[in-house]
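Shown below is the structure under consideration.
Chain nomenclature is as follows: A, B and C, assigned in order of appearance, with residue numbering initiated at 1 for each chain independently.
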Amino acid sequence: MHQPILEARSVSKAFFGNPVLHEVSIELVAGRIHALLGENGAGKSTLINLLSGTLRPDGGQILVDGRPIASLTPQEAHQLGIAVVQQELSLAPHLSIAENIGLGAYPRRGGVVDYGRLAAAVAEIGKELDLVESPDTPVGRLPLGRRQIVEIAKALSIKPRVLILDEPTSSLSAPDVAILMKLVRRLRDRAVAILYISHRLNEILDFCDHVTVLKDGSVTADRPLAGLDPDGLIRLMVGRDPRNLFPPYVSRASGDLVVETKGFRAGGAVDVDFELYRGEIFGIGGLVGHGQEDFMMGLYGAIRAEAEQFRVFANGAAVRSAPFAKVADANAVGVAYVPADRRKEGLLLPHSIDFNLLLPLFASHSAERRKGAQETAITERLAQRLNIRGDRRRQAQALSGGNQQKVALSKWLALEPSVLLLNDPTRGVDVETKREIYLALRAMAAEGKAVVLLSSDTPELVHLCDRVMVFNKGRVAATLSHAEASEEAIVAAAMGVRKAPTLQGEAV
Amino acid sequence: MLGQGTRLYWAIQWRRNEGLGALFLVLAVFAVIYAILFPGILAVGAMAKFVQGWFPTAMVAAAETMVMLTGGIDLSVGPMVSLGSVVGASTMQGPLGIFGGVLALLALGTSVGAIVGAFVAIGRYPAIIVTLALSFVLRGVALLIMRRPGGFVPPSLSEFLAGSHPTAAVLVVLLVLLWKFYQATPLGIGLIAVGDNAEGAYRSGVSVTTVRISAYIISANLQAFTGLYVAAQTGSGDPLIGEPLTLSAIAAAVLGGVGFLGGQGAMRGALAGSLLMSILINVMFFMGLPLVAQYVVQGLIIVATVALPLIRASLRRAS
Amino acid sequence: MNAVLRLQRFAATYSRSLVAYAIVAILWIAASLLIAGFGAYAHLRYIVELAAVIGLVGIGQTIAVIGGGIDLSVSAVITVTAIILPLVTFDADATGLGAIALALLVAAGIGAVNGLGIGYLGLPPLIMTLAMATILQGLLILIAGGSAISVTNPSLDWLGSTHFLTISVSIMLWAIVAAVCLFWLHGTRSGSLIFAIGANPVVSRLSGVPIRRLTLATYVISGFCAGLAGLLLLSMNGQGYVGIGDPYLLSSIAAVVLGGTSILGGQGSYLGTIAGAVLLVTMTALITVVNASEGWRSVILGCLILAMLPLSGRDQSR
């Protein structure tokens, strides 16, 4: 048995007192494509950061070629041949493609960068990845998918012995995905150790040799992939029948219209016709960056929007007849929005849970004094609804991802909104909290609220929503009823594939 | 292989000009206006005098840009230049003469830059407060060394730097060349990377701390030697002479497009900005406008430069 | 909630401000023991009177900094007020209050322009207020040239010289305005929103916080308070001249930082700024007494700010 090139042995890591990884071990062996599977929030990103030297473990060891390395840094990791491609790109928008690819490891002549060797290296890697853009192009001008290719090229430029890929295909076009797959297989044949993180189970089954499953910060499985099918994989990940994650589907949709718009345009979304009813959980799907987020932000008034027709109803009467010009207008008629990035857009991290919970209330009713007793009663009530426990004077940044998401969601409930726009509310959240959030959404629908759920997690759309609207290239590719909304149908619509109409009730 | 490298290098340099078109255009227009209004400026002597007047602003613009490219800011430029003039005028009488003065300034710039760099890059304290505190300290030290203007600058040095030689122009060219050289080194490119995406640069293996501290050290040295130049111009050291330069430095850097998030400006933009301001001041002076009109215009330029892109962006969002 | 817990919580929230008070207390006690006359009531009152000018400017500066911005135009506003008041005081205006109102209106108006540029046009506060300071500097020289303008304004004279129960009216003015500021920041919802904006403007915007309105208010308050400071300064000086306000820009920022408010925004308190202002004046007094030069004052001030840095909040991003 080969000695693993890169190994984590019993590593643990905690942030602000929250344990994220608990005695996790993983071995990356040459010539093997190793899948790392786990729910969002299971600790995959943290493990990658430990393996690549961006973070240091609180306990345990990182070993390279069998030797423990104390305090691995990104520089050292590069020298040892460890390369990472993470979802958050490490590129500098104002530097050219060539300068970005060579960043941190420029070929040198004297004290100066050797542009000749750099140009040659970039050309060589570019050929492997079909990088057609001119190497002097500032990276900031490229669309996200192309930037991801540059990021991959950068990892390849150090001639890695270990390549870690974190969801590399999330923003790539289909042809680029194929090129990447071919490249990874070539690297495996050249005895590179590869760690591959992806949500796409079919990709993993197709392509990987070995799998490690992380669940809530611990390893629950570490085995070759032979003999596993998608359900088996999911069972390893979730530890239970996937259908138990979601509450039973019950439609609470009423006939009362709450929002109606025709020809809606905002950001990258165009020509959207949309109707939302009270009691509905309305799903929005699509690949990242196809306009669905812009649609939601435009609906909320966070970005400029236009529409041929736009109406919001309350108690049967129209209370708004033009898209919201600003967020406060939306809040005033009962529309709330929970952003996808809770750390940067959803919560005031250094402030207390209490203050975060009170923020929207304060914002919309700002001409009042602070009253301690009244505020405590309000936050107490809010905390109970979603089961936020513990001292609420703690800073928001001290909470786990799941609890942070609960705060980000609960804070709006003080305003008793009638429409909740949720942008990927369960991203990076542990399984228990997910269940709690799903139950809460069902409860809100039962109360007569309307929930718009934008999600990159297709099972959520399938199991929770009354209807699903799928975006492709900025337009609505399909609006599916609960019966029609299967994973295949949603993914197909997202990819722009036209499916032949099926008989009602027939499985697609 | 060499041809490929050279082609890549110059292609990258050319692309760096994108976004600065408007500034260069305005600069060209005003340069032409200046020449038309006062054709005398085109004579070598007059041109040399103009460059001598421009030189300190250009140097501090470069110094401020370096710091702002890392995502920081330097509020101590003025006092540092004053201190440089004071130290320069105090250390050239010794046995080492002019060379001694140069050594002293090098020591001053490097030590101050290293200390500030350590506070900001290692201590992670906000640059605005560190340099604010530093401005007090440097001003105080300058006053302690020299209560009022004095000291001694060898007349030969004054003549060489600020007399009838085109030295200032040569120094500006030298400054640009040194910057271009620096920008071709890993530290120099690292500077832009850190300003753009510090976390990403760190993950790429760039030593963010080294890049930042180097920027502060080079910047401080530029400021110290500007002090020497000013001392040569006036013939003495002056503990308060540099005060107005802080504002000019920041204004020039902002004109050059250095956003306060770092990485967005080109050095050439800042130099162009400082040149534009110098030309404007001279034009107004020759037109008989009161000297103070320059302040008003400077302020308006700063606002316009920053406001226009914002207005354009919000108009674009509206459409 | 019982008193001990309340006290503990108060100390925790305001611990940074309390350090400044502690330093002031130590300096005052030590100086009173070692230097004859330092501890005399009249002398300490004089220190607080001088501190009132910095303290008033500090109100606007504190609010601006907590909100994530800064106001570099305060010194210019002080000078504007100090120069305008003598110019608009007419005989017909018996009490002189009309002129005072006009001067304060101008000061607040300048703040409003700042607030509009920062809040509605999105200009960075550093740039906007810096530009404003530059423009005002030019205009001031145009108006007043190099001369000093004397003032005869009955209300102002009253402000500068009256004492009620041995407390100067100027100190009472500061106390009243300070109380209003503290009440707004810590006792009202809109005041607490300033902290939110400073902590994270994106989160605030998406949560419905009226950022533009509050930003406008911040800088109008800053201009107004700088105007008050200018009036106070004028009442003490008798004349206004170009440059009268210059020392107060850096002093106001220093007072805010020494008081424990983070320059990055989102946290802090005006309570600390009060102590910071008194600390600054105390140090100047001490240095004058020991006959140290301006140079030493500057060095010590700078080192003091550096020493307070660990309290002032670090930049956690890389």
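Note that in this section a residue touches a chain if its C-beta (ideal position, glycine included) is under 8 Å from a C-beta of that chain, and two chains touch if they have at least 3 such contacts.
Just so it is clear, the model here is predicted, and its values are computed rather than measured.
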Would you kindly say which chain has the C-alpha centre located farthest from the C-alpha centre of chain B?
A
The larger set of C-beta contacts, choosing between B-C and A-C, lies at B-C
At what distance in angstrom does the C-alpha mean of chain C lie from that of chain A?
45
Per the centroid of Cα atoms for each chain, what is the distance between chain B and chain C, given in Å?
31
Which residues does chain A have that touch at least 2 chains other than itself?
none
List, in ascending order, every residue of chain B touching at least 2 other chains.
199, 202
Under the touch definition given earlier, write down the residues of chain C that touch chain B in their complex.
70, 117, 121-124, 126-128, 130-135, 137-139, 141-142, 250, 253-254, 257, 263-264, 293-303, 305-306, 309, 312-318
Complex contact set, residues of chain B against chain A:
1-2, 4-9, 11-12, 14-15, 18, 181, 184-186, 189-190, 192-193, 195-197, 199-207, 263-264, 317-318
Contact footprint of chain C on chain A as seen in their complex:
302, 327-328, 330-331, 337, 339, 344-351, 355, 359-360, 362-370, 411
Interface with chain B, chain A side, in the complex: residues 52, 54, 74-75, 77-78, 84, 86, 88-96, 98-99, 103-106, 108, 111-120, 122-123, 134-138, 154, 303-304
Chain B residues touching chain C in their complex are 73, 119, 123-126, 128-130, 132-144, 147, 198-199, 202, 208, 247, 250-251, 254, 260, 290-300, 302-303, 306-307, 310-311, 314
